[in-house]
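So that you can tell them apart, the chains are marked A, B, C and D in the order they are listed, and the count of residues begins at 1 in each.
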Amino acid sequence: MKKLINEPENFVDEMIEGITLAHPDMVRTPRDDKRIMVRADAPRQDRVGIVTGGGSGHLPLFKGYVGAGLCSAVAIGNVFSSPSSDQIFEATKAVNGGAGVLYLYGNYGGDVFNFDLAADLAELEDIETLTVLGRDDVASQPRERSADRRGVAGIIFAYKAAGAAAERGDSLKEVAAAAEDIIDNTATMGIGLSPTILPTTGKASFDLPDGEMEIGIGIHGEPGIHRGVLETADEVAERLMRPLVEDLGLSSGDRIAVLVNGMGATPLEELYVLYRKVHRIAEELGLTVEKRYIGEYATSLEMAGASLSLLKLDDERLALLNAPASSPFFREG
Amino acid sequence: MDGAALSLAIRNSLAEVTQYADELRDLDAALGDGDLGVTVSLGAKAVIQALEDLPDDALPAEIAKTCAKAFANANPSTMAALVAGALLAGSRVWGESTTVSIDSGAEFTAAAADSIGKRGKSQVGDKTILDALAPAADALRGADTATEALERAIEAAERGVRETVGMQSMRGRASWLQERSIGLQDPGATAFLRFLEAWRDAN
Amino acid sequence: MKKLINEPENFVDEMIEGITLAHPDMVRTPRDDKRIMVRADAPRQDRVGIVTGGGSGHLPLFKGYVGAGLCSAVAIGNVFSSPSSDQIFEATKAVNGGAGVLYLYGNYGGDVFNFDLAADLAELEDIETLTVLGRDDVASQPRERSADRRGVAGIIFAYKAAGAAAERGDSLKEVAAAAEDIIDNTATMGIGLSPTILPTTGKASFDLPDGEMEIGIGIHGEPGIHRGVLETADEVAERLMRPLVEDLGLSSGDRIAVLVNGMGATPLEELYVLYRKVHRIAEELGLTVEKRYIGEYATSLEMAGASLSLLKLDDERLALLNAPASSPFFREG
Amino acid sequence: MDGAALSLAIRNSLAEVTQYADELRDLDAALGDGDLGVTVSLGAKAVIQALEDLPDDALPAEIAKTCAKAFANANPSTMAALVAGALLAGSRVWGESTTVSIDSGAEFTAAAADSIGKRGKSQVGDKTILDALAPAADALRGADTATEALERAIEAAERGVRETVGMQSMRGRASWLQERSIGLQDPGATAFLRFLEAWRDAN
């Protein structure tokens, strides 16, 4: 273990305390138990609220995308664990401005069951909710079963678009449709090079010998579709890019947004080496990269590795991505 | 058995079941994310605490609801949410009844299995807890003594757990392994079996 | 080795290529050898140019701070190695807008000698230069020898201030004075938890058993002042904070800027756990945190660890920090 | 010796000196960042290449300048910059002369030491290359044969290197170790000694 922490049980609460001490102008925790963080100006009247949530250990996901033009609230679970339905429900009430609330989060059983429960509770208080699930990881299910895919880094495109739609006053249905449209056009694949150590157990989340790679890994270390000797960055770029291009049916003339996401321990330098090849393959295929995001957007504590997400763009999607947004971890415009 | 006896039996079983936490963690690590050990140990602790705080004359249904709430919030994983929903569904079967019989226990278990199938959009054969829970619910029915009922349930659950090994996971995190899930034993089904065994051993 | 790279010799060039492909609107490489990166709008007439530089492996340092309101150019060495005087000189010419050029970089022998040589070459072409050295690492020398301290993460305060001064049209002398003033009031100390692996040699930069920490470590793994069993985040915060407070002579009523910087592999969550305690200690001492930066600002490839920098603020320094700035890696205002 | 002989002797020595790269890396890793091995091996390679590209009738001063430029850019570390400056300073001493003598070699070395002291703001006793270079420059003076001069220089440099062990580093990266630098041998001084030994062994 090489962690800068105090008591492992306090890890999540202390981290949240750090975030709210650091950024009191942007986010606050409306309740005593702190596991809910909302935009400083929530609730916003007549604007759709967006509640996300999930386990800790993925910063800047999920907490980092609460802010203007992004999500309105986050319910925060323990490391790699779902928040409870109570917490989600409280977050829902805290951001409800009368225009309904979108639940936008990754497709994981624990999260789904708890958000669904919260939706029931919200209905009892006459708060309308709709749910859109991030499910962009092509390694987790084939295209035919894409509804069952897990959600990984690509969800940030949906945050950005749904947040922009909510900000401009779209209805709940419209905001949900914008998010759904993004998710339908987003595909991600990841590679893991070393496991992460869970603070509570001190154990590695999975077993991967030095010099090997797991292609298609999930952000909790879920196994992928191929394990083998670590290849060069260019070979890895090919391995990640090709299935995404196929999955999204991209062809010459298409415009895309690219996200090269670091999983935690991989240096930014390596992400740029990877981006270089992704850009070159895009050029080769006649794809135009209109937006690119390179850095840590959805991590897995100190896992070494990276993921590549592609979003097929049209004018509307691009406009939503380009709309202004700001949180402690994300800025646009 | 009355509410007090039920509460005691549950607490005894849960104190016993935590010994399987490492086994469950390892099974879940192979197929998923390895948190099932934590769900079970934190969940057991939270339920025991919550039951201790209940008045002695609490009704069985109330006891089941208390278990549901405590288990749901301790470590809100898939298993926690499904089990909590299952316990709530079971509690509805018991209504205002002050005691639990073999038959009402069987009905409770059947309602629990039903709830998990509905919520999880899953059925027997999908390699989930249902593969142990559903046959156990059937086996409980019509036994003469509580001991016999439990033995039959354990036997059925054991068979169900064994059968999960050959199946491909169709639900939850394990389903992302696709064909690679074949050959591995389902952790959720195993957790249910261990709970039954703990009940037998501790009571 | 768990690196996403191609041939180690090409690591630096491919990384630069990735950056320029990703951000053509913000930076460009004016020469063929690519080891020089300048603001897209350089040279700016009648504005002081700011040239920085140093080894690779520290992203976002140094390359990341080239942009509006920041540095004008960077000369880029190999991993942990100085750029050559030729490269520095070329960068100088590329950003000279007639108002002179400030050399602002970290106090390392190789860099100093090469920048000094470049200054001689610039003088021959009638380009006026001044030099200000980042030397904020209190662990490297006692206060009396602070001129000999090495430069680490705290230099970003000086980039920000000097860049703002240059942007508003200050003279070369004034820009240098602004940078010098910041550096005189900045102190940093770091902790290392695991070494970094150099891409070319595949070897660890230093030897540190799991579960141990090196307090006072440099960003190339230079040994610090104490090695021992890893302590809690709160204890580490105390160990880092106290010497900085003393070094800067901070006392109740003072205002500070805080930088909690990740060295590479340490999760953002842990940086916030650390920040929490730093904030609490500041409160205890009566210090007001007016600005805070939490994240990766100066790394050491995949080293695990963090550093804490404090800057004693006055109105002028705060105004310079708050002035707008933007680069691919840094935004303000 | 004339320019052609000088160039050949340098190239022979540098081909030989690279065998010490690992030793120098390890010494520098203990006191600094470990790049001195790379500086020496890349630098030697670059200088050999640059000298091969020079015309046969190049003057000694021109040869020294060429070495300086190639060494400075190969891996622009502290040692590279200091050595390049030192070679330039030495080349000025040689002016337009077409040959190198024992005396002019001694003057060259003295000018080199002077340059490093000025640029590095360092003096003998600071635990740097100067602790080997300065005494070697003195020892070269007044020898009868080139072989004798070289032997005396090696001896002096060896003594200097040994003395660095007990010193505290006052300059460069190693100075940040403060008292912890005591007991470790200076890599830069060692590099200079190894260069002299390589000259002896290869020529």
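The rule is short, and it goes like this: a residue touches a chain if its C-beta (ideal position, glycine included) is under 8 Å from a C-beta of that chain, and two chains touch if they have at least 3 such contacts.
Since this is a predicted model, take the numbers as computed values, not measurements.
Hopping across touching chains, the smallest step count from chain B to chain D is 3. The chains that touch both chain A and chain B are none; no such chain exists.
Inter-chain spacing, taken between the CA centroids of chain A and chain C, is 29 Å. One finds 56 Å separating the Cα centroids of chain A and chain D. Averaging Cα coordinates per chain places chain C and chain D 32 Å apart.
In chain A, there is no position where the chain touches two or more neighbouring chains simultaneously. Shown here, the protein chains touch in a chain-like sequence that does not close on itself. Contact between chains, as defined at the top, is found for A-B, A-C, C-D.
Interface of chain B with chain A (complex): residues 25, 29, 32-35, 38, 72-73, 75-82, 85, 119-120, 171-173, 175-178, 180.
The touching residues of chain C, when paired with chain D in their complex, are 77-78, 80-86, 108-110, 113-114, 116-117, 137, 139-141, 148-150, 200, 205-206, 218, 220-223. Contact residues of chain A toward chain C in the complex are 1-7, 11, 14-19, 21-22, 56-57, 59-60, 191, 193-194, 210-211, 230, 232-234, 236, 264-276, 279, 292, 294, 296, 299, 301-302, 304, 306, 331.
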